[in-house]
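Just so it is clear, A, B, C and D label the chains in written order, and each chain counts residues from 1 on its own.
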């Protein structure tokens, strides 16, 4: 009579199903209820009344990518730290606290090195390139 | 029962979105279908009882790699308000033509034929073991493995990530013109 | 009960799809997508074998490290793609014929 | 292994009679029970999201010495229903240059990402829908779908305001995920597990056992978490992705009618979820202040009320902050995340690890009262 461990996943699937159903339900409700008089002017992208120039899918500044890059490295490191953190207390109770602390701290120190490097090189500054060019001019 | 349903859902999502990744001509859509494939694989991990790996899959891939890829597609999409036909709009020459697809399809078919033969013999020679549905928590055991058996790989992976961060930051950093 | 073979078949199919993407596409980002598919197929095999054949969780740790390496690979690979685009204004793989500038 | 609401109910006698009613088909009964609970929680959260918009306007009116909505229903409390009906009857407009597929997909992904987090939210010790071993980790992971949906919403509209908002939103959400994750890592370390059940069991009893008062580092970690969570849900003062005065309304500029409503609903429910997580991780969750040896269902309902009170108090603070502080600039936003919150969070994590080894995981209160035995 004990439910299996996979039952814990059922609410996740049900909630995802409810979300999808709610989306399409709302969509069809608005198809039924809402007026639909499309016109070219109405479906122009909003640019405060001006005619849009070109497409919005254009090149963006590389610093968005640099932020994403720093994020993904930290994300992966925190993922690896999670199981170690979860058994940290257990190891400490087993009398291996010092060992676990050394493992943990040496891992984190590399993480700190990464953030220190990015800080030093100015990857964490949003307006760095602007300041550099400003200094040159003066 | 629920396990089978979950397996079928995940497998359909994985394979369907995987095929869509291969066929669609729009790079942005391709990335989004890859997202579906990765979520499907996370579901497959969950049916294998690998809860921690499943969540790691979602965390790293969905939260990280796919967003990074979307950023990269945006950054290589166009310049000065002109979208490059190559990436974002319409049919792209760099997304393959019928000759490359025919060639790769041939390679794929040959690969599948050889491997299915191999796989069947592997599967028939495996000892059929009783699988219990009551799984213990994988988190604690993975933690113990990481700090005992695989402690070198654990520490080295942080160094690898540091190297990746430094290298990629040097490559991608905005240059002074 | 779901058999090991079904997982192996899914993984094989995924691997072939990744191969198809890598061969058919000439766009570097699309090729990276194919690599992700292949890495995922390998990781899925590790976890499936660890559940059905061995009794320990070494397979889980392996796929964990595969995911870590995939993240590092994607970060560096996409950085190269972006730098390449800044120089050549293209992401076509046939344009990459020089090792410097 | 995974404690669920079904395995909680299975210890009572009426479960067996229910099982007989379903002809002994346990899978079906499990599904039905989960379905009932899921629908109830979705209904509750939709109401909270709706009342959130009402509370937002009413509190802002209070802060700015206005009256606020007062026409629909007593004190205007039915305003959110009127808003919902209005949204449903608005015309759906899609820009002609939009990417149709992604335009539909983006709000759906936002809804899926937010709703899936509700599955592990610990409303009470028994009524947690699913107490997974990886609970809090799962919650962080699945809520990152919202970041993808913000980016896709901005991209698919093919409007410059949307694109700017989407890029800003995605980079803000992923940046602030780091301090939040590392703060939660500190709590995982103190509790010795990622499941909400484990975390909640460590905070049983008086408020001195709550993790916020466990040690000085976890006290700071709470504020790091709260600021990061505000930014992750795009709430003011971090509402740069949808800053009205700069970007019209950011990534949902081109969304109208029901699809805009779904974005708004997802955002309000996400605020409730992060408040609930803050309450569960740091403020003792649903624990009663006294230890009782028996367990009955009305007691569980009391626990639900305790949990909701804590979560809604945090919700009030979120709204209060929104109408009190001015918006940040983009460069300030990034430097707060990477130069202040992340180093502080790493410092907290190291501090918690050393604390656990030095004091054997005892809290400040235990050390003071127990004499360090």
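Just so we're on the same page, contacts are C-beta pairs under 8 Å (C-beta built on N, C-alpha and C of every residue); 3 or more make two chains touch, one makes a residue touch a chain.
Since the model is a prediction, treat every value here as computed from it, not as a measurement.
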Furthest chain, CA centroid comparison against chain D: C
Middle chain, criterion being Cα centroid separation: A
B-D compared against A-B, more contacting pairs: A-B
Rounded Å distance, chain B centre to chain D centre (Cα mean): 28
Centroid distance [mean C-alpha coordinates] between chain D and chain A, Å: 15
Centre distance in Å when chain A and chain C are each reduced to the mean of their C-alpha atoms: 21
Sequence positions of chain A contacting 2 or more other chains: 2, 5, 7, 9-10, 55, 57, 60, 62, 64-65, 68-73, 75-76, 79-80, 82, 86-87, 90, 100, 111, 118
For chain D, residues that touch 2 or more chains besides their own: 1, 30-31, 132, 137, 155, 167, 174, 177, 193-194
Sites on chain C at which at least two other chains make contact: 64, 67-68, 71-72, 74-75, 78-79, 82, 86
Contact graph of the chains (line, ring, star, complete, other): other
Partner chain D, residues of chain A touching it in the complex: 1-3, 5, 7-12, 14-16, 18-20, 22-23, 26-27, 29-31, 33-38, 40, 42-48, 52, 55-57, 60, 64, 67-68, 70-71, 74-75, 78, 81-82, 85-90, 92, 97-98, 100-101, 104-105, 108, 111-112, 115, 118-119, 124-127
Chain D - residues contacting chain A, complex: 1-4, 6-7, 10, 26, 30-31, 34-35, 37-39, 42, 87-97, 104, 107-108, 111-112, 114-116, 118-119, 129-132, 137, 155, 157-163, 167, 171, 174-175, 177-178, 181-182, 185, 188-194, 248, 253-254, 257-259, 261-262, 330-331, 333-335, 338-339, 342-343, 346, 349-350, 353-354, 356-357, 360-361
Partner chain B, residues of chain A touching it in the complex: 2, 4-7, 9-10, 13, 53-55, 57-66, 68-73, 75-77, 79-80, 82-84, 86-87, 90-91, 99-100, 103, 106-107, 110-111, 113-114, 117-118, 121, 123, 129, 132-133
Of all residues in chain C, those that touch chain A in their complex: 64, 67-68, 71-72, 74-75, 78-79, 82, 86
Contact set on chain A toward chain C in their complex: 62, 65, 69, 72-73, 75-76, 79-80
